[in-house]
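Got some structures for you, see below.
Here chain A shows up in two complexes: once beside chain B, once beside chain C.
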Partner chain A sequence: MTDLLFSCLLKDSPMCPITVNGVEHQVPARLSVAAALLYLGNLAIRKHPVSSEARAPFCYMGVCFECLVIIDGQHKQRACLREVMPHMCIETAMVGVNP
Partner chain B sequence: MSPANNKLSPYDWIIVGGGLVGASIAYGLIQKQPQLRILVLDGGDTDHRASVGNFGLIWVQGKGNDFPAYANWSLQGADLWPEFARQLSHKSQIDIAYQRQGGLEFALSQHQLSVLREEMATMSRHTQGRFQYTLLDRNAALALQPGLGEAVVGAAYSPQDGQVNPLYLLSALHKANRLLGVEYQSRCPVEHIEVLEHGFNAAGSLAKHIVLCAGLDNQRLGKQLAMHLPVTPVKGQILITERAEAGKLPYASPQMRQTAEGTIQIGGSHEHKGLDNRSSLDIMQTIANDAVTIMPELAKLHLVRSWSALRVMSPDGAPIYQRSTKYQGAFGVCCHSGVSLAAAHAGLLSSWLLNTLDRDQKILIEAMNNDRFAV
Partner chain C sequence: MSKVYDYLVIGAGPAGMAAAIEASNAGLCVLVLDQAENAGGQIYRNLGQVGIQQARVLGPDYLVGKPLLAEFMAANCDYQPMAQLWHIEAHEKGFLVVALVHGESITYVTSHLLLANGAMERPMAIPGWHKPGVMTAGAGQILLKTAALLPKQVVLAGSGPLLLLLAQQYRAAGVIITALLDTTPKSNYWYATPWLMAGLTTPKQLLKGLWLTLVQRIKTPYITGVSGIEVLGEECVTGVSYTVAGKVYDIDCNLIMLHQGLIPETQMGQLLGCTQVWSENQQCWQARVAVAGQTSVPGLQIAGDAGTIGGAYVAQFNGRLAGIVRANSGVATLSLQKRLLTLWLCLRVKQLHWARGLVDRLYRPADWLSEPSSDTIICRCEQVTAGAVTAIASRGCAGVNQLKAYTRAGMGACQGRQCGLNLAYLVAHAQQRPVSEVEPLTVRPPLSPINLGQLSRQTEL
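Presenting the complex of A and B:
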């Protein structure tokens, strides 16, 4: 229950296939979508609607709404509250931005 | 100086309550007379605090329709805001997101529109034409706010309304006060105020003057200083949407405003439920529906937060500025529009407390004492 958040990265974790912006990737199973995006090297994933500043998941616990992505066609999903599932299809508003 | 030493020599002023009212008054006092020793005694974080749950409007429309002094006071307060905001942001280095782009009060029926017409005309009369407004038919309202729902038949617009981030306002006041030398103690609820020969003892600290700014607790504390301060809680519920592009709602209204961060704040409920400050689904649905009736496209936005808070309400909704006639140096301030009037409290009201106002201003403020509730 109280495993470290990223303990799956330390052991030989089973991998999970997901698609991010149309590209297939393997990420450790049991990560949240937000953590998986970070694992894949995506820092910023969207723009602030007012300032257009690059934004990234911040609280990882569902309160800041900085991590919104599209998951399997459903808009405005909080990436930090969803666990990766095999063949999950994730789309981010900003692509490949690693400031 | 250690706190123990401080307690021996009396303060010039003790302010009971560090919400918007107490913090604005302390800010005004210390700026006018920097040598004053001022102590703010505040309660704890679980107290009812309108100052951290409000809507953030600096509103003039409809304030004091049946109370000319309050109408003039609200307008003066709003007119003092631009300079107050500039100075406060400068002193505290906090951007409080003050804007005065004007506000809209929507009418959903011809009857509501004619009530608004009456109210606006009355306010203009009370203020000798200084209150500015335009009554808009549906097309004129649409020109200002595109996307209005079918049900909106018109609106009243006043360029004198504005908005601010009320949380930044409160923390800017506290920060500026600290920098200017006001002392502040939190988690220090005042249970009992002892009247001394030349002053007061509150929670072990002594002062020559005391101002009660304890929000809903003013009624209880007022009695100890022979002041009738009738305030009751009126609950308001608020919803926050996800952030939307800037400019969705260029003008604030009592039902909705867009914050500088992009979220849209929805509110406008009034419930008499005592000290119960819980949110409830039925009221959340009602205010969400009302907002969508006015602006249908809001239905597309997700809600991300909700809360409710208790207004500090006097019997007629106007502020109470009271001087204790029995105990010299004791005052009580109760105010439902503590955001709108923050500049007036820091400016004119603190001069009233220091007894440095000219006659006309004094008469205006004293028209809002509790004599009007006499039985």
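Presenting the complex of A and C:
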């Protein structure tokens, strides 16, 4: 995570605590879950169920379904359509089950 | 007994907001369903919340949406954000619209329906486009609008106004653009020349476009006549290779953003049995739509980019027109003032669609993009390659819907949104027939994923 592809213009925006794969992080409030994952340096967030290749969100607008994650236990959530909430629990499928 | 709305509008972009304003001002009971957290659509996404730094980078054409957004927020209509629509069907009272709201499935009933759900980016299937590190230019812009996330360095590739606009915004924010690979075929400039007349009717936009192009050509490493783009890298992107005048070049990069223009999101209209036509100008399927949004299905209107790609201004005019016409069931009962407004809106919509012809012809996708190499993944969800599709298509497969049964292409979570158009091109090439003769993929519910628990708890509003 040392080589972040993206950096955030927002400097002093309020932060929101979220849990990603069991680890707690602080991200700027009001980000989409997909953007928050990218902010934290997670580009690939899924292993493709057919090929097991790493995949990353592609469109960030709800069309491509590449950003499916588990949010608070709910499977197949499009990470790009959900805003982060305090203590939201996000599981990506880079390890473990596929959403 | 459930509540029956007079007008249900899907999408809170410029078209949906304008239609909802007009219809609710006329006293109709209006509901707007939108899948985003905030109104504005993709073009004015996050406009109500955006910070000063982002606003500076995004420029005046983004901020121009503020009055419309304010007017919509003040309008006397119901507005449900974060509604993920998964089914629509015709019903004795009009239409049933079923959406997931906060994880629960809710059915809405309406007598009249407006689809203003906008457009998506034309899927640009090139070898390696499924690798982490590749995203669309629209994605880049959404990350900027909603999260103020900026890449340090990026390669932009493709064709079309959005790519140039993103380059401009990124440069303003200090992002290093390693290269802008322009795939616009040089012949397009000749073919587009007759359309200059149309473009000249919107001189301000024409000048803006020219300026945007010139500035990028001077200030970014702008490479024209690019073909054969291929994404390099094992797990993630490590570079991109491309061909110019028969010579292959490689660049190192770990982020590439693709764009090849926009296509309407037609799935909802298709589900309702709306007549679809192939647009030669815009190279995509579109619902057959009249100027005020009327479709082949009684009570169903489509406005804005969900019908014909035209951009934010025409979408707004189109939406207003649709709302006025719905509220007055035609124009017979309108006051003189409203009649003149309707006439003016009709003319503006027609004119702006005509003027758009210049952009459509100039940025028509290059032919090589519709004939990808055989190892290119076409259906990202089911991991089906162009080679597999072509092999089945050349053996006489009837069309994309039969192809689906043989290859699973189009059966994944995105429901053919990312592969449908490219499948049609591949079938057309393999069978040497025009793409307009290849029927689009059949659309079936659910339009977005829903689990059995949600389905069983279904409630009516």
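The rule is simple: the second predicted complex is superposed on the first by the 84 of 99 C-alpha atoms of A that agree within 3 Å, B and C clash if a C-alpha of one lies under 4 Å from a C-alpha of the other, contacts with A are read in each partner's own complex, and residues count from 1 in each chain.
Just so we're on the same page, a residue touches a chain if its C-beta (ideal position, glycine included) is under 8 Å from a C-beta of that chain, and two chains touch if they have at least 3 such contacts.
Worth saying up front: this structure is predicted, and the values here are computed from it rather than measured.
Undergrad: Now for A:His48: first (chain B), second (chain C), both, or neither, which partner does it touch?
TA: Touch partners of A:His48: chain B and chain C.
Undergrad: Is A:Pro57 touching the first partner chain B, the second partner chain C, both, or neither of them?
TA: A:Pro57: touches chain C, not chain B.
Undergrad: Tell me which of chain B and chain C touches more residues of chain A.
TA: Ranking chain B and chain C by residues of chain A touched puts C first.
Undergrad: With both complexes overlaid on chain A, does A:Leu9 touch chain B (first), chain C (second), both or neither?
TA: Touch partner of A:Leu9: chain C, not chain B.
Undergrad: Name the contact category of A:Phe65: first (chain B only), second (chain C only), both, or neither.
TA: Touch partners of A:Phe65: chain B and chain C.
Undergrad: Looking at A:Lys76 after the superposition, I want to know if it touches chain B, chain C, both of them or none. Which is it: first, second, both, neither?
TA: both
Undergrad: Thinking of the overlay built on chain A, is A:Ala35 touched by chain B (first), by chain C (second), by both, or by neither?
TA: second
Undergrad: Can you list the residues of chain A that touch chain B in one structure and chain C in the other?
TA: In the superposed arrangement, which is not itself an observed complex, chain A uses residues 48, 50, 65, 68, 76 for both chain B and chain C.
Undergrad: Sort out for me which residues of chain A touch chain C in the complex.
TA: Residues 4-10, 13, 28, 30-32, 35-36, 38-39, 43-44, 48, 50-51, 53-66, 68, 74-76, 78, 80-83 of chain A touch chain C in their complex.
Undergrad: Over in the complex, which chain B residues touch chain A? Could you list them?
TA: Listed in rising order, the residues are 242-246, 260-262, 302, 304.
Undergrad: Which residues of chain C touch chain A in the complex?
TA: Chain C reaches chain A through residues 35-37, 42, 49, 51, 53-54, 57, 82, 84, 103, 120-121, 130-136, 138-139, 142-143, 146-152, 173, 235-236, 254-255, 265, 380-383, 412-414, 417-418, 448-449, 451.
Undergrad: Within the complex, which stretch of chain A touches chain B?
TA: 48-50, 65, 68, 76
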